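Take a look at these structures.
Below, subunit A partners subunit B and then partners subunit C, in two separate complexes.
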Partner chain A sequence: MYAYDTYDQTFVDQRAAEFRTQVARRLSGELTEEQFRPLRLLNGLYLQLHAYMLRVAIPYGTLSSRQLQALADIADKYDRGYGHFTTRQNIQFNWIKLEEAPDILADLAVVEMHAIQTSGNVIRNVTADHFAGVILGEADDPRITCEIIRQWSTLHPEFSFLPRKFKIAVTGSLVDRAAIRFHDIGIRIRKAADASLVHDIYIGGGMGRTPFVAPLVKANLSKAGLLSYLEAVLRVYNRYGRRDNIYKARIKILVDALGVDEFARQVEAEWMHTKLEGADLPEAEEQRIRAFFAGPAYETGLPATPIETPDLRETGFADWCKTSVFPHRVPGYAVVTISLKPIGGIPGDATSQQMRAIADLAEAYSRHEIRVTHEQNLVLPYVRQIDLPVLWRKLACEKLATANVGLVSDIIACPGLDYCSLANARSIPIAQRISERFAELQQQHDIGPLKIKISGCINACGHHHAGHIGILGVDRKGEEFYQIMLGGTGDETAAIGELVGPGFSSNTVVDAVETIVKTFLDLRQPGEVFLNAVRRLGLAPFKERLYARS
Partner chain B sequence: MAKASSSRQAITANRLRDGAVVYLAVDGNWSENLAQAATAPDGDALKKLFDRAAQSARQNLIVDPVAIAVDDVDQTAPVSFREKIRLRGPSVRPDLARI
Partner chain C sequence: MPALDHTGARVTSWHVAADGEPINPSTPTLVSLAHLIGMNKAVAGVLLESDADLDQAGARLANLTIAGVKFTTFKDGRPFSIARLLRTRHGFTGDLRAYGPFIPDQGAFLVRCGFSSFEVVDGFDEAALRKNIAHFSYNYQHPLSVTASIVALRQANAARP
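Now for the complex of A and B:
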């Protein structure tokens, strides 16, 4: 893992100290709310429906056991004993007091954490494939690129007041677990024919009011030219991005308005300048950062599968292995996804007790490391196959062994109207009711991979556009209503879901989801997964069944 | 279900120091209890309440004051769903309910 040097630590400490003085000045009245709001947002502090909410950055979703312990302590000391992992690989605390926020930032700084770049019109916390560095077939660990971008972008004077927020995601795999094409910039690292590392740069993707799948703007960008190229992209955006209309201010609108070719041409022209300005990283510095991500010293000669004992055969261990255990690039090891989606639970929420338990398990079985996924689950990246049974038992004790990862009850849901001041409708209760409707595990396994994603408003924090079944909460004359989209996906075949028809009331939306799933089960070909069936069949048979009765 | 009718409004805000949901009370203080809130029909009386809220904002007691409709029959109940959730707490965490 990356470890702070004196420069990083001093910066984060100073930032926490600075915020302490800003909060004191606000409480004393020296700063008005108007003056203070941008300062608190620069430190991830929002005012939500019930209290202040602090969004803590988890750079590229990587946490140490010590950091997760610290988050559990914060949940107990300053919040109400839980936190919410978000679709941007961050964590949010929902019950923060302004007067205590400076103490939290100070506590975070002790464990090399902060809440910078989690809000505002800046380059936000960069996200990555949550299996970075451990999955088979990866060209390079994307976190190296993420860390380089973090260091380049934090407090970059030119990019501190962008037209809108700016999100970057990076993967080193052909399988896209980071939804790169739904980001302002998505980066795929590949090995070129000569085995050198190159980047394919996708620009102008996003969800929200106007969803776009990012087009490929630059292929085969050499590693050495990455930062100067990104700088050129940001410069063109900063110059021409619409500041007059918040709904048209994201880079996706600019790319669409100019057209991909013209946008690419302008970036190339700007790149001629930025290349000469020395933005690119010297090789030695890249190597220094790379060394932090070398991974642990792996044991050799380990058994390639867990040893089966009779009690394991009797219980749910096999089901859990099927959904939660992924192949590791090193023989004898496994990558384990911990579902934060118990049946009827709140997607992405973890209690302080669960956080401590996971931190302890990571310490014992995963070299002190945890990952946060954009699908609101956690990952233990370095588990020995022989440790899987004991790990599973211990997770089950904490209600963390639900065998539903990637299945119909592994639902993404944003906080929605239960917490969020921008929401039109609740997301969480819909997720809870859907997971209860499909609670029976065998049924979930029969249905197969199915991603349901729910947002409480058009801002799409719940990624509804990229859901195989996407659900968007809207306000219809003071009532919660839900629109359903089908066929979206954030993977390497990225697509925006298509609206299936008129919306459903909160009473009928879960029935509608069940009708969609039943239609799929009736019409699917042998072995066909939900997304492929929707692509083959189109919306017509689903519409027919959904609206036939009305 | 018949819609609640509303001809009166209360003023709500978040308390500056901790963000808690508060209502402008009859005595001019800010209370976490909507039952203590001053209510008024649209017009001069409501404007007076709002002026008082704006003064509290200037005194750095509260932020973002807004007027909300309350039920004519049960004046301790807001009309909008959003305000019901603000009053009670997240619907998905009854253990954290305020009332």
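Now for the complex of A and C:
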């Protein structure tokens, strides 16, 4: 993974020092909360319902064991012993004291981490396919592009006061695990016919109150022209994006208002200039960054299957292998997803003890590396297949071996009204109750792949538009209500879910989900997964069952 | 109202002329973009709104010795782009001044986009501005200001024997 040089380190140290003086100015009363707000937001510090929340950047979701240890230490030292992994591959600490925030940034800087641009109207942490570099059929490791964009966008002088936040995701695969078309910019790296690497640039996707699947704006962009092209996109957006209404300020609204062709034309015209202005990375610097992502030296001649004993089969090892273990591009290795969705648990939460355990396991079995998925799980990317049984046993000891990845209880949920000052309804308890309703693991495996995503308000941090079953919490005359959408997906067949009908109370929403799943089980064809069934059947049979009695 | 240069030192405020007001050639004066376009005579400077269409002014911007760009609020990021465009595309090499309610903590961003001075209100935290401008030793982006970019420094180091 990428390692800081003296420039990166100095920069992050100075950023932490700067924030310390800003906090001191706030604590002394020199700055009002109104004056301090934009400064703290540029360092990922939010004022939430009950306390300050610090969002720490995990660039493209890649962590070392040492970094995860440091996050565990922060959870114990400054918070209540846990952290929450987010849908943008970051981690949030929910119970932060303002006066301690500078110490946290200083602790993070020691392990080459920061909270820069995890909030505010800026280019946010760039996200990537969590299987980057280890999955079969990838054109390029997207994290190379992500790191290049990370450095280019860090405290960019021109683009730090955009009309609204700006999110970029990158994949190097045709299978989309990064939901690129739901981002302000989604980048797919491909190999062109001549084997050179090119980028397809999708612009203007997003969720929120006006969801869009991003259109392809620029195909076959050469990697040498990436940064100048991004400068052109950002400049057009910075100058012409709406600033009069925060709900219409994302780039998706500009792309939609201008039309894709006119937007593309304006960017192209700007790019003719920015190309000449020196933003593009010299080849040698690209190579320097690329070298960090070469991956470990793999062992050769490893046996290709885990050694299964009858004992392991009886206790669920096979189930866990089915959901948590993914093929690796190198024979004899596997990619392991660790579910942070225990039945009845809070999606994405990990205790400091669990973080330390995972850091240790990564050290022993995954070359010190961990990934964070946008689905709020963790990944060990370099596991030898022969180590799978012992890894599984050790994960199970920490309650981290739930065999539900990709199944009905592997739910994405935003923090909701339990923490967030924007929320209209609670998300976490709904996720917990759904997962308890479907607690029986064999039933979950029978239902098959099903993604439930829950947001506590229209801002859609829980990605409800992209859920096979999407749930949106709304406030109806002071009472929490939940709307249900079906058929959304964030993968390479990206689609926005369709509203099934009137909302459900918090007492009836879990029953409604169960009715939807039962309807699917009754009507599915052999081998058919939930999303395909919804696409084949449409909403009608689900509506019929859901609203039959009323 | 005081004005500060890019080191934070006090400098003279410029006169901002109302449209149609007679211009005194011995006083540094800014006029509106519409006024500039409509004028036949040479003028020292222009004060641009953050939504200004620079292409309207054609080649005239390159001949100006002073210019200002006005923030509507500190969150209004457009002046940063306008400054970059004035410097890189419209050939403006004179003194470029920020106007409006920008905040001291934007100082380095302003300088790095090509601003060279600031018109500030009484009570503006000048010390914080100076500190902000001088704070970082390095930046990632290719610069318009004095500090070398990290990319350039890495290139230079790699080229050393």
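Convention: the second predicted complex is superposed on the first by the 550 of 550 C-alpha atoms of A that agree within 3 Å, B and C clash if a C-alpha of one lies under 4 Å from a C-alpha of the other, contacts with A are read in each partner's own complex, and residues count from 1 in each chain.
Basically, contacts are C-beta pairs under 8 Å (C-beta built on N, C-alpha and C of every residue); 3 or more make two chains touch, one makes a residue touch a chain.
It should be emphasised that the depicted structure is a prediction, and the values quoted were computed from it without experimental measurement.
Ranking subunit B and subunit C by residues of subunit A touched puts C first. Of the two partner chains placed around the shared chain by superposition, neither subunit B nor subunit C is touched by A:Phe166.
Shared-chain residue A:Trp320: touches no atom of subunit B or subunit C.
In the superposition on chain A, A:Pro38 makes contact with subunit C only, not with subunit B. Once the two complexes are laid over each other on the shared chain, residue contacts for A:Glu285 go to subunit C alone; subunit B is not touched.
Contacts of A:Asp5 after superposition: subunit C is touched, whereas subunit B is not reached. On subunit A, the surface touched by subunit B in one complex and the surface touched by subunit C in the other have no residue in common. Note for the complex: subunit B touches subunit A at residues 3, 14, 16-21, 57, 59-60, 63-64, 79-82, 85-86, 89-93, 96.
On the subunit A side of its complex with subunit B, the touching residues are 26-29, 33, 47-52, 80, 94, 96-99, 346, 417-419, 423, 426, 428-429, 432, 478-480.
Taken together, the subunit A residues at the contact with subunit C in this complex read 5, 7-8, 10-11, 14-15, 18, 21-22, 25, 30, 35, 38-39, 121, 151-152, 154-163, 235, 238-239, 243, 273, 277-279, 281-282, 284-285, 288. Of all the residues in subunit C, the ones that touch subunit A in their complex are 51, 74-78, 80-82, 84, 88-89, 103, 105-106, 108-110, 112-113, 125, 128, 131-132, 135-142, 150-151, 153-155, 158.
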